[in-house]
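Just below sit the structures, each encoded as structure tokens.
Both complexes below contain chain A, partnered by chain B and then by chain C.
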Partner chain A sequence: MIKESLKEGNVRIPSGCAICGIIDRTGRRFNGNDIIESIAVMHDRSNGLGGGFAAYGIYPEYKDFYALHVFYDSNESKKTAESFLNDHFYIETSGRIPTEKTPTIRQQPKIWRYFVKPNRYKLQESELTGEEYVAQCVLKVNSKFDGAYVFSCGKNMGVFKGVGYPEDIGRFYRLEEYKAYLWTAHGRFPTNTPGWWGGAHPFALLDRTIVHNGEISSYDANRRYVEMYGYACKLQTDTEVITYLFDLLNRRHGLDLETAAQILTAPHWEDVDRMPAQQAERIRTLRQIYSGALITGPFSIILGFNGGMVALNDRLKLRALIAAEAGDRVYVASEECAIRKLCPQPDKVWACEGGQPVIVYADYEKAHHEE
Partner chain B sequence: MIDYTLPEFLVDRDLNRCIQCGVCVRQCANEVHAFAPNDPKKMIVDERKCVNCQRCVTLCPTHALSIRKHPNQMRESANWQPQLIKEIFKQADTGAVLLSGMGTPQPYPVYWDKMLLNASQVTNPSIDPLREPMETRTFLGRKPERFSPDVKNPTVMPPQLELKTPIMFSAMSFGSISLNAQKSLAMAAQELGTAFNCGEGGLHQDLQPYAKNCVVQVASGRFGVYKDYLMNCAAVEIKIGQGAKPGIGGHLPGEKVNEEVSRTRRIPQGTDSISPAPHHDIYSIEDLRQLIYAIKEATNYTKPVFVKIAAVHNAAAIASGTARAGADAIVIDGFRGGTGAAPTRVRDNVGIPVELALAVIDQRLRDEGIRQQVSLIATGSIRCSTDVVKAIALGADAVYIASAALISLGCHLCRNCYTGKCNWGIATQREDLTRRLNPEHSYHRAGNLINAWTHEITEIMGGMGINAVDSLRSNRKALRGIGLNDSELRVLGISAAGE
Partner chain C sequence: MQYTELNRIIRQKPGEYTLSAVNGQRYIGCGLGSEYKINIHGTPGNDLGAFMDGASVNVFGNCQDATGNTMNQGRIIVHGSASDTAGYAMRNGEIFIQGNAGYRVAIHLKQYGADVPKVVVGGKTGSFLGEYMAGGIVLILGLGLAPDEDITGAHCATGMHGGVIYLARDIPDYKVAFAMNKTPIEPEDEPVIRSLIEQYCQHFGEIPHSLPLDKFVKIRPQTSRPYGKMYVGN
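Right, the complex of A and B next:
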């Protein structure tokens, strides 16, 4: 049994990791075998204490519903949380997430899935947008309901994660049965031994998911910055705070992903001073306004969202991150072998430059229409 | 009448070394040393006048002099300490308020010394400052909440003071220090890409070339304030209070208002220069807002306006009000801060340490969601580069230093600034003494100090895996308290070492 005090949120746990992502730019969907095979190559970068996946485009038949994936510790916690969900949402359908008995996966919680829309009356009363309403309800369940944890809440996408090596987690969730145009994966090497299912990655808020490798040294500066805007960093993890930073910049402040990257991994002043005046002025302004959002220290991340992904390396490139293109597909991974395993001869392979985001969009609406 | 006070120091002269050259006689403005009236081979000493400024010791060519605590002892009492008895003798003599110079020497806790810094090991790498860019560039001023991506309606950036390193020279007026001392700091600030502060004494015409690096003060006496003073500066600072003497004004006696001081302060020669305790047009927070905006209007919104407050018990609420009143930066001056002259009792008993005030102010501004609106400058005994690092990790954007800057120019902290007889040419207007400080030489010393500290700051940041001061700011996980009780840890917002 894990000591409560060592769970995420009660203590700050730095961790090393493996990450990878595969996207099909045309939006064509493919099953989870590839991503499992890719992350499995980097087995030694994890230590069996956490693995997970995010998949986009997997629920086309429920694409207008928020898909809630929830861990329950007990029937009791399920009962109390479900009464909250019933009050706040219209539930189209629900059920257990199908899993397969896997010898290496133990102590799994009850894992449920709900396709929901906000309760129309409650939504109107709250004067919030649908997204904000869902985000706040999820935050409430996760902070107020013991033993219940919503770990995925976006539309037409889902997170699958748990304690174990990522390839075992992938088989456990039967990911070969899902088809997505974007997959990301995470294998975890925490420097502590809590092994709580909710603490595995990806970390998700609405359709934004983050897989992350590294330990950011600016953590507390970033945390204290986002908390000014109403976020509560409950898990005390880098991944959580980076997700919130993206949410703030991209969703709430309406900045595009390139601009968000210029804030999180701001160019060094010595480079800014050599830029053309207008460009330098823009970067200076961003840096002055968002100095609390600057991330320093080693990290590589893949941010997934409905329609694409961003891969980003810290500005000094203290962590590995490799990208490759092959036909319609783009791959990113902590190690090149994870790409070569699937695609021995890509058209192009390159090491992502520090602070230079690799942004890839998928035309999934069109592809879905053709399907 | 018998002088009851006893000498504090004993001046030792090694007669085997002394060559009777008379340097000590010429160097001591306190007239401690003299040749015996009838014997030029014999030196005599009046140690009652000695302030232990170390000038004679430093300049003696044969190192014949040393000064130590006087061995004479009064009857011991843990309650009636000798200093208290001496002060009573003094007050019985004069009937006056006790005066002191520099920061309090009382043994209050120094929280900088009770906080330990972090470093990277294994899970994240330290950053090598010799290989990687280390950024200390800092901008002081109000920041908008968000960047506007709309090109038709772009972000309007309020005026900022840009610093190459987050260390500035704090307010010291021409009057409290010599023009040569002020000029040394002005020249250093210009070369370093930072700012100095001219205090409430106006900006002397010789310092006009350094105006772009000068934070000009508007204090309760409004001395030296006129249009060009406001228009040519780096920033304007409204001084509400000073850490060494919260709630107290200042007084430069008329006899010290000579031609130069009179011209710079823009007051008639020979008149008393009195800075009242409060600003008589600021009796409330809404009055402060009017002065802030009067200055902004007068400068066409081109200068950041700082407000300097002494760290007092309800500093957090005052800072919140000050931010909402429109200040672009708040200067928090802790009670250990220096002064040219302050009533001893006030200096030693009023206010709180800057560490605690800074921590609660930063937290309060964040809790209220207005931290973005204002920069924080910590001051009041910042003694070394790690004090700077710890201040920034608690939430400061930058720091001001004053005592440390004067020490770099030669001050030996004898704490007798208010006598006007500073042997180092710093806290004096006597020409024979001010001549001892040559700005062309001494500005390098102030510059070296800041460069050395900045170098140390980047080393320490690199060790933490941080390569921009932005990521150190308010990064309280970089700090751990040692030997602090739970309340102190809570106020500082940090964990205990080992946690």
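Right, the complex of A and C next:
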């Protein structure tokens, strides 16, 4: 048990956090070494209390199955949660996620992976889409089953995270053995909340993942808003709510990514007043319908999803975010050095602007076909 | 090389240093006096030249955040662009940036007696230029911009109460904060601007076309106590 006075939240630690992402627009896959090298350059932005990665295109042989990555605190919690998984899913295969003994990574939970499809009868009975069924089951495990936490549940993608520096977490999960067309990474410096395995970034629901630097001033407003739609914020950190907001807006409400970004970082009213009438009307409508989804406070985030990524800053740009292009690849990172480490002379380097999303798509299907 | 090791080596002995393959090392030149000259090739990390006290730093590459943070004296010349908060809370000294600079450039700039910090940016800057500026001189040249491109973002000079911002082209009124005057420059401004442009050219070479001074505007607080009546009428 940690002494109460030593828990984060009771001590003030100046904020840091590092994020970065690399995508190959042609969908060609590359192993995890690059992203580890990139995030490692920003080592000093984290404090060893969390690191993680999201990788897209890593399970082509199981691409029709949802890949559940699960932390268990004990055999007991595994047993209980597995009986739920067995009831609700057809499990094609399961096993421990391979890890490497790493001296700096300690006290890891049991880390398991399942390739699953919804149980056909239960799915039919529920009258839900496959995705919604999976999302509801995952949210249920995470909120109702003590000691079990599904931290990744998308198709042909996966999250790998834990407590430690990100470069150590990357080696721990042997990311050099995975190939993805999109990688995102996070180095954590928790400021207001505890550093624990489940609290590391990325936060994922289905194939949407979020890495985040900053803090959400509007957290409680956003949390209450997503709770109305059945999302339970149980992970003791603000970032998970951004994942749910994207899931709600993008998947459930079917809004495109530009619109979702416009809702999360809605233009200020004074800017709306200067817009052409039609555009102003549209923004006013979105702000009225989705007022609870506006995120305020300093942040830079990278959303990963099957087929692309979005990099986004808060409206006032209170966190750094640099982007670069080199050939087929696009990079984003908290610091330019993380990009230059991999790519000393990009074709183009630019600073992301507040509230202006950088959206990049990858043609994975085509590349996969050619592979 | 880790930044603590790099900075330890530099601090051992004054002189001129040329650093190559710099990538993300923080605090280079931090607190150093005029007995130092540092040439940096690559991408220095955050807080380059923080609290610097007279050293001169040349960067051949882009800078990250908080270049010249609370610098006391000295000069930083960036042959590239700089990210957010360049010149944060400078007390004196000069920063010349060849290209663009990010958000919150020259915020909290100070001035006391003969100590007048100067920040010159060749391209454009993001929002909040000169926020809470208390003194000093900021000059933005707008080189290489498209005809319709703004030279700075919104909320320019928010909370400013001293010093002056010169812009090589006018910006829409809404971008300038409350209690500020945005006016054409006056005759006494011309030598100041000319001298800074001359220095810019010495550092980075001739600029491709002449900058007509009659297009320049300056932003200053309306009074010496611009916010005295912000919340109360008397």
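As a working rule, the second predicted complex is superposed on the first by the 350 of 371 C-alpha atoms of A that agree within 3 Å, B and C clash if a C-alpha of one lies under 4 Å from a C-alpha of the other, contacts with A are read in each partner's own complex, and residues count from 1 in each chain.
Just so it is clear, contacts are C-beta pairs under 8 Å (C-beta built on N, C-alpha and C of every residue); 3 or more make two chains touch, one makes a residue touch a chain.
Not measured: the values here are computed from a predicted model.
**Student:** Please indicate which partner A:L316 is in contact with in the superposed arrangement: first for chain B, second for chain C, both, or neither.
**Tutor:** After superposing on A, A:L316 lies in contact with both chain B and chain C.
**Student:** So in the superposed three-chain picture, is A:L303 touching just chain B, just chain C, both, or none of them (first/second/both/neither)?
**Tutor:** neither
**Student:** Go through the superposed model and pick first if A:S291 touches only chain B, second if only chain C, both, or neither.
**Tutor:** first
**Student:** Mind working out whether A:L85 is in touch with chain B, chain C, both or neither, as first, second, both or neither?
**Tutor:** Once the two structures are laid over each other on A, A:L85 reaches no partner at all.
**Student:** After lining up the shared chain so the two structures overlap, which partner does A:A204 touch, if you call chain B first and chain C second: first, second, both or neither?
**Tutor:** Neither: A:A204 stays clear of chain B and chain C.
**Student:** Under the stated touch criterion, which partner chain does A:H253 make contact with: chain B (first), chain C (second), both, or neither?
**Tutor:** first
**Student:** Mind working out whether A:E270 is in touch with chain B, chain C, both or neither, as first, second, both or neither?
**Tutor:** both
**Student:** In the superposed arrangement, which partner chain does A:Y219 touch: chain B (first), chain C (second), both, or neither?
**Tutor:** First partner only.
**Student:** Could you look at A:Y229 and tell me whether it touches chain B, chain C, both or neither (first, second, both, neither)?
**Tutor:** first
**Student:** From the superposed pair, tell me which chain A residues show up as contacts to chain B and also as contacts to chain C.
**Tutor:** 270, 316
**Student:** Tell me, which parts of chain C touch chain A in their complex?
**Tutor:** Its residues touching chain A are 3, 23-24, 26, 42-43, 45-46, 62, 64-65, 83-84, 100, 102-103, 126-128, 154, 174.
**Student:** Give the list of chain A residues in touch with chain B in this complex.
**Tutor:** 12, 14-16, 191, 214-222, 224-225, 227-229, 253-256, 259, 266, 268-270, 285-292, 294-298, 316, 318
**Student:** In the complex of these two chains, what residues of chain A are touching chain C?
**Tutor:** Listed in rising order, the residues of chain A that touch chain C are 41-42, 44, 270-271, 274, 316-317, 320, 322, 335-338, 340-341, 349, 351, 353-354.
**Student:** Under the touch definition given earlier, write down the residues of chain B that touch chain A in their complex.
**Tutor:** So the residues of chain B in touch with chain A come to 120, 123-125, 127, 132-133, 135, 137, 139, 143-147, 149, 155, 157, 160, 366, 369, 371-372, 464-468, 470-478.
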